[in-house]
Amino acid sequence: MASRLDEFRSYRTTMNNRIAEIDHLGVRRFFNLDSAAYKDGALSGKTKELIGLAASMVLRCNECVDYHLIQCLDAGYTDEELMDALNVALIVGGSIVIPHMRHAVETIDLLRAEQKKTRLT
Amino acid sequence: MASRLDEFRSYRTTMNNRIAEIDHLGVRRFFNLDSAAYKDGALSGKTKELIGLAASMVLRCNECVDYHLIQCLDAGYTDEELMDALNVALIVGGSIVIPHMRHAVETIDLLRAEQKKTRLT
Amino acid sequence: MASRLDEFRSYRTTMNNRIAEIDHLGVRRFFNLDSAAYKDGALSGKTKELIGLAASMVLRCNECVDYHLIQCLDAGYTDEELMDALNVALIVGGSIVIPHMRHAVETIDLLRAEQKKTRLT
Amino acid sequence: MASRLDEFRSYRTTMNNRIAEIDHLGVRRFFNLDSAAYKDGALSGKTKELIGLAASMVLRCNECVDYHLIQCLDAGYTDEELMDALNVALIVGGSIVIPHMRHAVETIDLLRAEQKKTRLT
Amino acid sequence: MASRLDEFRSYRTTMNNRIAEIDHLGVRRFFNLDSAAYKDGALSGKTKELIGLAASMVLRCNECVDYHLIQCLDAGYTDEELMDALNVALIVGGSIVIPHMRHAVETIDLLRAEQKKTRLT
Amino acid sequence: MASRLDEFRSYRTTMNNRIAEIDHLGVRRFFNLDSAAYKDGALSGKTKELIGLAASMVLRCNECVDYHLIQCLDAGYTDEELMDALNVALIVGGSIVIPHMRHAVETIDLLRAEQKKTRLT
């Protein structure tokens, strides 16, 4: 059975491909600009992923939170660091952010379980 | 004549003092929690100020942007680093963030002018 | 098996009927006002459905996006026109709108498949 | 010199009259519906004004906050009750609500000063 | 089969426990502050739950709406009173709130069915 | 004395130039993409300006509303058409949009007065 994360990744890839296929110039350029925003620059890509995570939390978008958590774990953040960033988002955004806090913590746990499994195989 | 930043600082201090005077337990605790969220922890206070800035931008609050820019300059961020963080906020939040981008860039310029003046005296 | 769109239509009808049954005067009037807002006036109903779609995208409400897409296809918009409206919403609302872009494009594809099937039968 | 509250009241009245003059059927009906929503019903008008205040706070609209504070003081709420409602809004909405907390507390103080002056004359 | 409400309660408890286990000081304090905000004070806890419900509606968070509806029914609100509060939220927040109105009315019906069942046993 | 609209235009130009001068690649590209989104395409530029206006209203950004109203008047919309679009935004976004409705109607009146003056000279 596909996990929640696998379903997210698969749906995201399928629909991003579908959008790419439609090939609207403005949309395509925006997607490129979005990818470029998280590359190393004056700030490291690693720092910018954390900013993307916090912005996704306060704007309350679970799909965006999941995406940035995947990137943040790839970038090497510890659970303690992620929790500290989520805490800032919680204070800025208030209790309305709590459901996304629950979602984010579950996603981190799922991603750590995947990492563990990968390392074992 | 008081500058825009001086007026902001003065109004902010006056009203925060007034709120402190009212002394509602929940409000007081929230203000303390808010201050504590930006202290060094698993992430540095410096990193957390940048997160606070980006969150303020995407939530489109000029007063919050000004507050976090003051903190970010104190923390030693360069203009290039701040612009890179503002760019992530712009991409996440879209063109509706542009008026706050104009405000943020003006605030950075005003703060740098203050720094220069202080160093000269 | 009921499709995602069928489930949406069925749930929407069931609950709107339930709300109508409760018969709160203010709520009933608001629902009427909401329907009336998309009728032909100084602007055509067709134009106003497109505005409703873009507003739903930037406010990030998938159910509202689906509803207005159904109306927009009924009104005769082409895929190219819808994509152009979605692009404006993406630029205004930023990358936080991307998950709703994926959802909207999937909904358009599902609705076109329904239209094709209807024409064949 | 007109106070901040006098300017708000005057601008609000002038522009509401201008909007009434334009006489768009949908807009007129919405304004009526909005007024009707705060009349005594299953809940008292007094309770509904407090709900309107808290909703305005979490949606971060100073003009709406001022309007509902005027109504709440007319309805007889004490400062302690208002502060308790503002605290709920602060916890729900987070630190991004703080600038509106400062604004709301200032408005309450201005309104109490008006009440005092009226009682003296 | 677990109902929608049972699933919500179970997921909420599991993840809140998981977050408690992580024990981030700021997060833990915010959760405590959030609980404290709805206790009897200058306003009754009952009134504050209604404010929490309306704030959750206009901020468009179904999980928060469900949570506050559970609390509101425990506090003894009638359906007519809840509908009157939901109407204020609908007028303040507009048609974008309608999907959450459908969700809220369904939740009220589910909760009343639970109450009936409990009373019978 | 500079009018509100002149001040807005002047500040907007000054700060956009300042941002252009800073020349952050991502920011510059986003500004270009934003301009491009309103050019004639599958939808006319005129239709897209109206979408931009409605999106700005529901996202509650007065500067964005003013900008799109300037563009909409240039594009030839009548007051009746603009009011019909503003009405859709009001219904979608609710009473929290009313302060922006007042602002938008005032801006339309100011722009019409400018047009009249220009035609007379």
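So that you can tell them apart, the chains are marked A, B, C, D, E and F in the order they are listed, and the count of residues begins at 1 in each.
We adopt the following convention: a contact is a pair of C-beta atoms (placed from the backbone, for glycine too) under 8 Å apart; a residue touches a chain by one contact, two chains touch by 3 or more.
Remember, it's a predicted structure, so these values are computed and weren't measured experimentally.
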| item | value |
| --- | --- |
| Between chain C and chain E, the fewest steps along chains that touch one another | 1 |
| Both-way neighbours, i.e. chains that touch chain D and touch chain B | A, C, E, F |
| Most remote chain, CA-based centroid, reference being chain C | B |
| Fraction-based call for chain C against chain A, same above half, different below | different |
| Farthest chain (mean CA position) relative to chain E | F |
| Whole-Å separation of chain centres (CA-atom averages), chain D against chain E | 25 |
| Centre-of-Cα separation between chain F and chain B, whole angstrom | 27 |
| Residues of chain B engaged with two or more neighbouring chains | 26, 30, 33-34, 37, 55-56, 58-59, 83-84, 87, 90-93, 95-96 |
| Graph class of chain-chain contacts, one of line, ring, star, complete, other | complete |
| Interface residues, chain F side, partner chain A - complex | 25-26, 29-30, 33, 36-37, 41 |
| Contacting residues of chain F [partner chain D, same complex] | 60, 79, 83-84, 86-87, 90-91, 95-96, 98-99, 101-103, 105-106, 109 |
| Chain D residues within the chain F interface of the complex | 11-12, 15-16, 18-19, 22, 24, 26-27, 30-31, 34, 55-56, 59, 61, 63-64 |
| Parts of chain B lying in touch with chain A, wherever the complex brings them together | 33-34, 37-38, 41-43, 47-48, 50-52, 54-56, 58-59, 78, 80-81, 83-85, 87-89, 91-93 |
| Chain A-facing residues of chain D, complex | 58, 90-97 |
